[in-house]
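The two complexes that follow have chain A in common; it is paired with chain B in the first and with chain C in the second.
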Partner chain A sequence: MAKEQMMTGCRAAAEGAKAAEVEVICSYPIRPYTAIMMELSKMVANGELNAEFVHGEGEHAQVSVVLGACASGARAFTGSSGVGVTYAMEVYSPMAGGRYPAQMSIADRTLDPPGDFGSEHTDAMSTRDQGWLLGWACSPQEVYDNTLIAYRVGEDHRVMLPQMVCQDGYFISHIPDKVTLGDQSQVKEFLPPYRPIGPLSTTHPVSHGPQIRPDQGAPMDAMRAQTFLAVPKVIEEATADFNRIFGRNYDPFVEQYKLEDAEIAFFIQGAHANTCRSSVDRLRSQGVKAGMARLRWVRPWPTHQLANALGHVKAVGVIETSTSYGGAMRGGNLIHELRASLYDLDERPLVTSFMGGLGGETIWPKDFDYMAKVLLQAVKEKKIRTYVQWLGM
Partner chain B sequence: MQAFDYKFQKFEPLKSFKKAPELEVYVPGHRTCAGCGPALNYRLVAKAAGKETIFIGPTGCMYVANSSYLCTPYACSWIHAQITNGGAVASGIEAAFKVLARKGKHTGAFPNVIVMAGDGGTVDIGLQAMSAMMYRNHKVLFLCYDNESYANTGIQTSPTTPYGAATTFTPPGKEIPEGKVLFPKDPPQLVIGGHPAVKYVATTTVAHPLDLMNKVRKALTYEGPTFLHMLAPCPKGWLFDEKLTREMARLAVETGMWSMYEWEDGVYKYTNVPKKYKPVSEYMKHQGRFAHLKPEHIAKMQAFIDERVKAVKERVAIPIPTPKQTA
Partner chain C sequence: MAKELPGYGTINVPKDREVPFGAVTPAPVCTQDLFQTSNWRMKRPVKEDEKCTRCLVCYMSCPDACWEYKEAEDEMYWIANFCKGCQICIQECPTGALTAAPELDFPDGVVRLEKPF
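Presenting the complex of A and B:
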């Protein structure tokens, strides 16, 4: 077992890609994810990684290059941040529809305007309906781990889907934390080589992505929807194997922190979960029965797991680190799907939301204290006063 | 990087049309229009390259009219690309086969990686991906079948649509009598002008099948990026009788509307240069897209072509030096 090292989330993503022995890498610079590619380019230049390192001419090209590589049978890796993620938008549906299980490593950044380097999940969240697997880490260790888990899930023949492995820009991507890298035998046991289905070939001619008639479209869409129903089982298996082989303790879908007897709960994804966890401890020391549910996968959305984890809580505060302007709840994205997940329960929690961490702002312990106050008030009044509040304003 | 034998394919020039391989790699079953220039172009390219080829087909006529699900006409591997990203998808394929060959996962001949792009997918929305692929020195043949419009979407103007052509985005009218007012981009010159990794660029037409096939085969022997620009007349878009497809291409060369040349590592070689160019009106009069033009418009076109064919002689005399290819 390798020893613990200090490293950033970007370095951890690069170490994960190296451990996965990625074969085609396509880069384009944009902060903050760039450091992932800086690490990988060194590994290729030093001969530590036998891969083709392609300098893409933009994010659209990055995803296109890995699409071609994946279609040819190579394990492919790319990444981006912010407006780079949205610049590539056209190519996300061909990747998922073509069932090419390449990986894109995202270090989140706000979208323009105005230019802002801070972390915000709107970049990758805006791709959530393109058919990719999508999830967030909350530490450099989890970035490394998710890189391997996502390849294993995405390349499973029951799945065959591209993956976005996300980490908050700066909070995770640039602040070093303790990481234990796996050794080669662990990685080998966990992650089998990529076995493409019907790759481009000189000996077995195939046609990828031909035109269809309108009546052929719906059955194909239905097949993809069916695939997503099968993904949770694959994620469960992969997470269990990962925990066993690497000695970790992940819940496949939702980190549940002190939820068993919780009266109020925070629902969150990404880096701010670390502050949230310590805030739960502080609130508990003050006699508030608080807990936290942290989302690990947005796609597939763990509907039933969330209903089980949060159904008994009296009030949930969703911490929204992405925007959904004009949406049903007037604020972020997660609350819509959480409310839908809880809707069929006989008794369901009150659910409100808080816009926080936008533009790369910190969500402070005092913010969690404030949110707890709002939630306790909702419990007392048996109703929420607003769908959404903006923290720190 | 250490030298590695990727088993690139070798091609000898064909001595005559009769010596062309019998094997058809682009087979019947597609839905192109009668007299389709690009379809004929595709057939000749595929025949010249053989079946150990991977075609990348960016969206365009040769995607939409060819690739019906479960009955595509490709007897080799083919993949659709977006109209935007033919060069990038091809780059990924080439990179993958290189690393897979190095790791022993691909053991056969290195595939001919050929992008078969229309004019929009080459010098308009596809320009960025094409140029970047050329710059990065991928072993890819990028082929532009030029039918001088966005034909598949209903004949809209593209950057290679000639001056004076009526398209559904450049209809002639009282204010704009000539229809299209701009002069076209020059795809091979764009490639030659700014891509030091490129050592071979050539132009040809569907009226010159032996020349076309030999240029494909020559391009495929290079270990880096190459570019072919092919005139592929479109009866529906240009509004001429569908039996005249090859005649249109021939007339384009005879009037100077199209030049046939090879550019090899800085040296131009022109072929099929007429002793005396026919007037451009000889070419334009067969095509409904030019029917609305007045004599002053045709004179403007003639002046443009007169200037352009001057380059034929100058370029033969003054080769443009370029750096030697590396890696």
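Presenting the complex of A and C:
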């Protein structure tokens, strides 16, 4: 049985890729995700992992290389951070449209200008409409676990989609925490080998990525949308299997912390959920019925699961960690989708949002106390005063 | 939660509009009939055979492989379903055998866009 070790999120992502026995890796350096590639290159150099390690000339090339690798039938792995994620933007839609289930491991970083090393989710959140599976981990352990879960879901023949496995830069990527790695028999039981559909072949030649006519575009889009209708069930199955085999306890879509009797709740994804959880405990010790819903997948968005988890709460505070300048609520994007998810309930919670953890800032316990105060005031007044507030501004 | 929420609905792509999964198709020996690319062409090359010396410059310069030399007939053959009308062959033809004809000008009245041929 594998034992607990201390490791960073970057090392955990590399360990996940190694456990998945990835066959092609394409790197290009950018902080903070680079450490994933440093770990993997060591593993390849030491002969612990038998993979083709390609150094791309940029992030666009990285995603293109894994596209080609996937097309030829290899399990492929790449990753990036910040502007690296956005530089590869052109290739995301072809990856998803061509149904190449490669994985991209993201350690979030604020977008330019100017260069800010801190974590912020805007980089990967900007790709959410490109047809990838997308979700955030909140610990190095979850990074390792999500790496395996995402491959299993993405490579399922009902899905065949690329995945972005995200972790907050520095908070998760560079702070060591306890991680239990699976042993090879567990990984083998959980993750079958990648079986490509119509791979490039010298004996059965195929065409990939052809030009299509405009009248073929709509069915192509519809078939991709249809796939997303099938994904939730695959995620549920994969999570249940993962929990059983590895002895974990993940909710497939939404971690629900002390929500059953909650009056106010925080809605959050990623690293700051850890401070949020302890803040919920502190608030509860002061008599405030607080709870937390933590999103594990942004795509597919768990509409009904969120309505179920949060429908009974009186007020929800969305903690954004990413920007949507000029958007409907003038803050981030999570509030738009959460409000839409709750809209059809007969009685729905009041929903406001807080811009926090931007540019790599910490969201402190006192910030959660402040947010709780705003939410309690909304409950009392039966209305929210603003759609969004910038913490500390 | 008491109330039944709306679902995501279903999507049924009509059989005759289905596109191959991931747009992956068996590689064609010559042309890929599942995905044709000619319906945004505005002009097409028209050949005056008497001027054509079979030099194959058009064959080499076409980015979409739309010129073929038919050995038996000793003739340059134009592949209509994939010519995008870029007119490179017309520019490159050393004998002036190729000219650009507006697409709607077909003698049999094929109308562009309404139905890709």
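Rule of thumb we're sticking to: the second predicted complex is superposed on the first by the 393 of 393 C-alpha atoms of A that agree within 3 Å, B and C clash if a C-alpha of one lies under 4 Å from a C-alpha of the other, contacts with A are read in each partner's own complex, and residues count from 1 in each chain.
Methods note: a contact is a pair of C-beta atoms (placed from the backbone, for glycine too) under 8 Å apart; a residue touches a chain by one contact, two chains touch by 3 or more.
Model, not experiment: these values are computed from the prediction.
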Clash or fit (per the criteria above) of chain B with chain C on chain A: clash
Between chain B and chain C, whom does A:90 touch in the aligned arrangement: first, second, both, or neither? first
Let me test your reading of the model: by the given contact rule, A:284 touches which partner, first (chain B), second (chain C), both or neither? neither
Between chain B and chain C, whom does A:211 touch in the aligned arrangement: first, second, both, or neither? both
Counting only touches as set out at the top, which of chain B and chain C does A:67 meet: first, second, both, neither? first
Based on the superposed arrangement, let me know which partner A:219 touches: chain B (first), chain C (second), both, or neither? second
If you stack the two complexes on chain A, which partner ends up touching A:54: first (chain B), second (chain C), both, or neither? first
For A:348, decide between first (touching chain B), second (touching chain C), both and neither. neither
For A:203 in the superposed arrangement: first (chain B), second (chain C), both or neither? first
Touched partner set for A:26, first chain B, second chain C, both or neither: first
Which stretch of chain B would you flag for clashing with chain C, going by 37-45, 271-279 or 307-315? 37-45
Of the residues on chain A, which ones does chain B touch that chain C also touches? 204-213, 216
What does chain A use to touch chain B in their complex? 23-24, 26, 50-52, 54-58, 60-61, 64-74, 76, 90-91, 94, 200-213, 216
Contacts from chain B onto chain A in the complex sit at residues 51-54, 56, 63-64, 67-70, 72, 74-82, 84-85, 87-100, 102-103, 105-106, 108-109, 111, 128-129, 131-132, 135-136
Could you list, by residue number, the parts of chain C that touch chain A in their complex? 1-3, 5-6, 8, 10-11, 13-14, 17-19, 21-28, 32, 34-37, 39-40, 116
Going by the contact rule set out above, which residues of chain A touch chain C in the complex? 97-100, 160, 197-198, 204-216, 218-220, 222-223, 225-226, 229, 303-304, 307-308, 311-312, 344-346
